[in-house]
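The structure appears below as structure tokens.
A, B, C and D are the chain letters, set down in written order, and residue numbers restart from 1 in every chain.
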Amino acid sequence: MPRRVGIIGVGWYGFRPSTPEVHFQGMMFESSHRAYADANVDPRKDVDVFVDCQEDLWEGIAITDEFAPEPIGGALRPTFTVSGDGLLGVAHAYMLIRSGLADVVAVEAHGKPSEIRTLQDVYYMAFDPLHVRPLPTGNPFFLAGLDAQAYMQRTGASREHLALVSAKNRTNGLKNERAPYSARLTVDDVLSAPYAVYPLTRYDIADFSDASVTVVLASEEAAKRFTDKVVWLDGIGFSTETGSGAVEWHAWGRMLSMRDAALMAYKLAGLAGSPSESFDLAEVEDRFSFMELLSLEELMLAKEGEAHRLLEQGHFNLGGPLPVNPSGGSLAMGVQLEATGLARLLEAVLQLRGEAGPHQVKGARKAVVATWRGVPTYTSAVAVLSAG
Amino acid sequence: MVTNLFVKDRVAIVGAGITTFMRRALETPRELAWEAARMALDQAGLTLKDVDCVVIGSAPDTFDGVHLKGEYLADGSGAIRKPMTRVYVGGGTGVFVPVSAWWHVASGLCKTVLAVGEEKMSPAHPHPQYVFRYIWDPIIHRPLEPNLIWIFAMEMRRYMAKCGAKKEDIALVSVKNKRNALDNPAAQVAANITVDDVLKSEVLVWPVQELDVSPVTDGAAALVITSENVARQVTDSPVWIEGVGFTLDNQHWENRELAFPRYLNYAARMAYRMAGIERPWKEIDVAEPYDPFDYKELHHIEGLMLARPCEAWKLLKEGYFNRDGELPTSPSGGLLGVGNPIAAAGVMKVAELFWQLRYEAGKRQVKRPVHRAVANAWGDLMQAGTVIVLGN
Amino acid sequence: MSWNKHGRLHDIITWPEKEEVDKYIYTPGLHGLELAKALMDGRILGMRCSDGKVYVPPKTFCPDYGQGVLVEVKGPWRLQYYTVVYEDLYGNRLEKPVVVGVIKPDDAVNGIIHIVNADPSKVYVGMELRPVFRPKEQRRGVITDIQYFEPA
Amino acid sequence: MSVTKLPGTKLSSKEMYSLPGLVESVPQAKYDFSAGPTISRFLQGLKEGKILGRKCPRCGRVYVPPRDYCEYCHVALTDWVEVPDTGTVHTAVVSYISVKRERLEKPEVIGVIRLDVPGYPPNGYEFAGLFHRLCVSPEEAMSDKVIGMKVRARWKPKEQRTGSILDIECFEPVR
């Protein structure tokens, strides 16, 4: 049996619309400091490799990995940066531990969107400079509008269903201290709002928040040395459907990268049966409301075109058979750029350790986490977790 | 740190591909990645269907002017409907891409990995070097309007002061590498030059002059890295990845001795320990130390423990590192001769060692028999060391 | 720093900075060069891949990694998917909503992304569109040589 | 490798700029960095004509420039220490080109100054120090005398100081 990989510590700082009181490295130090305390490891002696997840133009620094090692305890130690979502960093940690190169790996990801004054222009810099960026589209989220329209056209999901997702998540968020954008929102509130990017109103688009999240992973033997509340990372998967230079090849209305990532993660977790019965909760992508429904279908937690019906029946509510985004998801917590995936992972780990607080899902033993890197990428990552 | 690492399934390089290195390319970045990756697959006798994971390396997005550049290079690097990540340790990325591909295979997650390094520096105007204005600490350093060559010049000056190396001693590296590059079809600035030419070239930031520096380059390079059983089916001369090592120091380069790269030394020890090498200066047959500047090759030879600190420039004078020397370094022609498309430069160096260890380097083939080789890349603010040890 | 943060905004310094070069100049690429010449001439190209499928716009290599063969794409063009942008990322309303569509020619398997010059109320999936080129002397061989698509 | 003709299409500068289909784009990437408590205090100190360092409660290192944390112990730094504005030149260079690679009429001398901060072995691998301009002539900067030369910060007049690293005009030799 290959070495099992467990999560032995989590730490976070932020989840607020802005964090002017900390330098971005100070924020990284805060989250890693808490994660190492949670795992009771000494980063300078016990952690073998440090993985950081950030992107140059989110940070405003041209080789931003230079600033990674110091705050997370990786100075003069094996440290590297994965330019992608924090869950991709967790995939690297999984491989590092399975390969035997490391026993204990720390993964940090952060986002400080509040410091990006020209966020829209930075988003457009990720677009294909030849065929898409020059078009006067007005808002980079038009790509999400195209996918939302295509999804609704294919499955018959309606604007009311999107509104139901937004209302569910923003209300769930009221119970979560890390959810600055939560509100007692009703479907009618959403339906009465004008379209921002058809078919999405502003309620259907998650706002941004600053946060840093650090996760400490360890092999099974190493984990025993530090803690007894381990959450097992049974499976991890990640995939890219097409490049941002060839968005025209994308299957509109689908997120094939999440389907491929799910198949990879489920295979590693040995989930032979139909996955929908396997989980007690799911923390999935919802930076655009329709993405929660699409994610559930790509994760095979609902049959194709069925997610919005199950949603109507309350199947994904906090008390339902499969609570989805009990934390409030990105719609309530905000989007933390490359830390968004780790925000989902953090919430799932706390649930499986019974430490989620007011929005705790009783008796949660197994969870699935899924994230997409957002516009204009078609890259997703999926993790399968089980309580220790 | 795991020391006696038992890996049941060894990891091998089975193919390498490279584009010509150019000051300005017509191709877009994703097309450059495609050209290099397709050549690597052809050389290995494989097709994209055989690939199950992709690792991309590319340095500052501010060169190509495309944010989330890993996503932009994805389809060009063969990552359509495949697991793909972009790894990034500044200039050290080139060697780090095959290092990361190692644990993609060794973990059992992937059997065949395409490792692609790409860099297109020409889109940035007025000059690609202007991008390096943004690598510095935004508050403590940027107000001084620093440009990249300052930090290299300061390190070179410190090396010269501490080790007693003169500019004419150091210039021999540029002479050696640009001459080696004459036999490399990818070379951008191969030339027969003399030490005098170097000493008469335009002074940029004393002690760094024009011919001490590698050029700005557009280019891509790629490797196909597989598990042992795939390698056995694909080629009868696989090149094994026997050791990987990487270390990052803190970002305060102005708080450390610049004459010796301690971070690279730690990375080298990590890789040598994994490869079971105790006396690298004896057991390594050929090396590709990172040479964005001529003095840096000497600096890295000492960091890689291929020569004692401050001894490298003396051995250089005796021809110790020439292609027919005792320990040939940069037989490819290095960054100084072939070119420096940052993330692809390191992959080019690993590709060179792949060809050397298979005795396929043609006119560049070193004279002595070769069994074990080491390549390193360097990056960030004098802080990243990435090392790979290969064997045939 | 954990415990002695400054809460008082007076003590907090924010430092404005940027990460910009003067400008970027992107070369069109291998197929892009031919597409540029065609666009100057009022024509649109696609590429045929080894499986016979035609993709537009031409991207030099195909999803199956082989090199595409350039072909002309004549249409007719149909609106495959669309969205309407009413406000920018910061929530500011645009003066005029922008209709953006995935516009697929019958003689290709995928559509290009472009602007649809029509009132949002009159736009529907499947409607036929035609490209409207800028006057010849204003063309530079770039995607915006097509000013927009309008109902055919 | 057996292949001699490698992929890649080279362009001269003239060829590139005359290509049809060239796309130009002016990037807009502006940021407002929060300096955080430590750097804010450091900048405030500069405004008052002082170089402030921070001391680690566990290993006693004094960091200049100061950080929020000790990177060797991974603990938050506590006390502030005013350090002398004198030191020795660790390295020095003379720059003849600007950030945009244009020739400078007047060369600039810049270097790293190892500050006289207690707790570091005289020529140890690590030291507290600053990267700054040096007020020495290019000839002097290129001579061997400059390495190890004793220097002191030349502060701008109080009213011109704005709370930035530029509040120090340069480091000048202590004659």
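As a working rule, contacts are C-beta pairs under 8 Å (C-beta built on N, C-alpha and C of every residue); 3 or more make two chains touch, one makes a residue touch a chain.
Keep in mind that what you see is a predicted model, and the values were worked out from it rather than measured.
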item	value
Longest centre-to-centre distance from chain D, chain (CA-based)	C
Centre distance in Å when chain A and chain C are each reduced to the mean of their C-alpha atoms	28
Between chain A and chain D, centroid-to-centroid distance (C-alpha), Å	37
Separation of chain A from chain B, taking each centre as the mean of its C-alpha atoms, in whole Å	33
Residues within chain C bordering two or more other chains	1-2, 5-6, 12, 14-19, 21-30, 32-33, 59, 63, 142
Sites on chain A at which at least two other chains make contact	20-22, 26, 29, 33, 56-57, 60-62, 69-70, 75, 115, 117, 122-123, 125, 129-130, 134, 242, 245-246, 249
Multi-chain contact residues (two or more partners), chain D	9, 11, 16, 19, 21, 23, 25, 27-39, 43, 67-69, 71, 76
Arrangement of touching chains [line / ring / star / complete / other]	complete
Contacting residues of chain A [partner chain D, same complex]	19-26, 29, 32-33, 36, 42-44, 57, 60, 69-71, 73, 75, 112, 115-118, 121-122, 125, 129-130, 133-134
Footprint of chain C on chain B - complex, ascending	24-28, 30-31, 34, 38, 47-48, 62, 65, 75-76, 78, 80, 122-126, 130-131, 134, 138-139, 142
Chain B partner contacts - residues on chain A that touch it in the complex	2, 48, 55-57, 60-63, 65-70, 74-84, 88, 91-92, 94-103, 122-123, 125-126, 128-130, 237-246, 249, 256-257, 260-261, 264, 268, 373, 376-379
Residues of chain D touching chain C in the complex	9, 11, 16-17, 19-40, 43, 68-69, 76-78, 163
Chain A contact footprint on chain B (complex, rising order)	1-2, 5-7, 28-30, 54, 59-62, 65-76, 79-90, 96, 100, 102-104, 106-109, 131-135, 138, 244-252, 262-263, 266-267, 270, 274, 379-381, 383-384
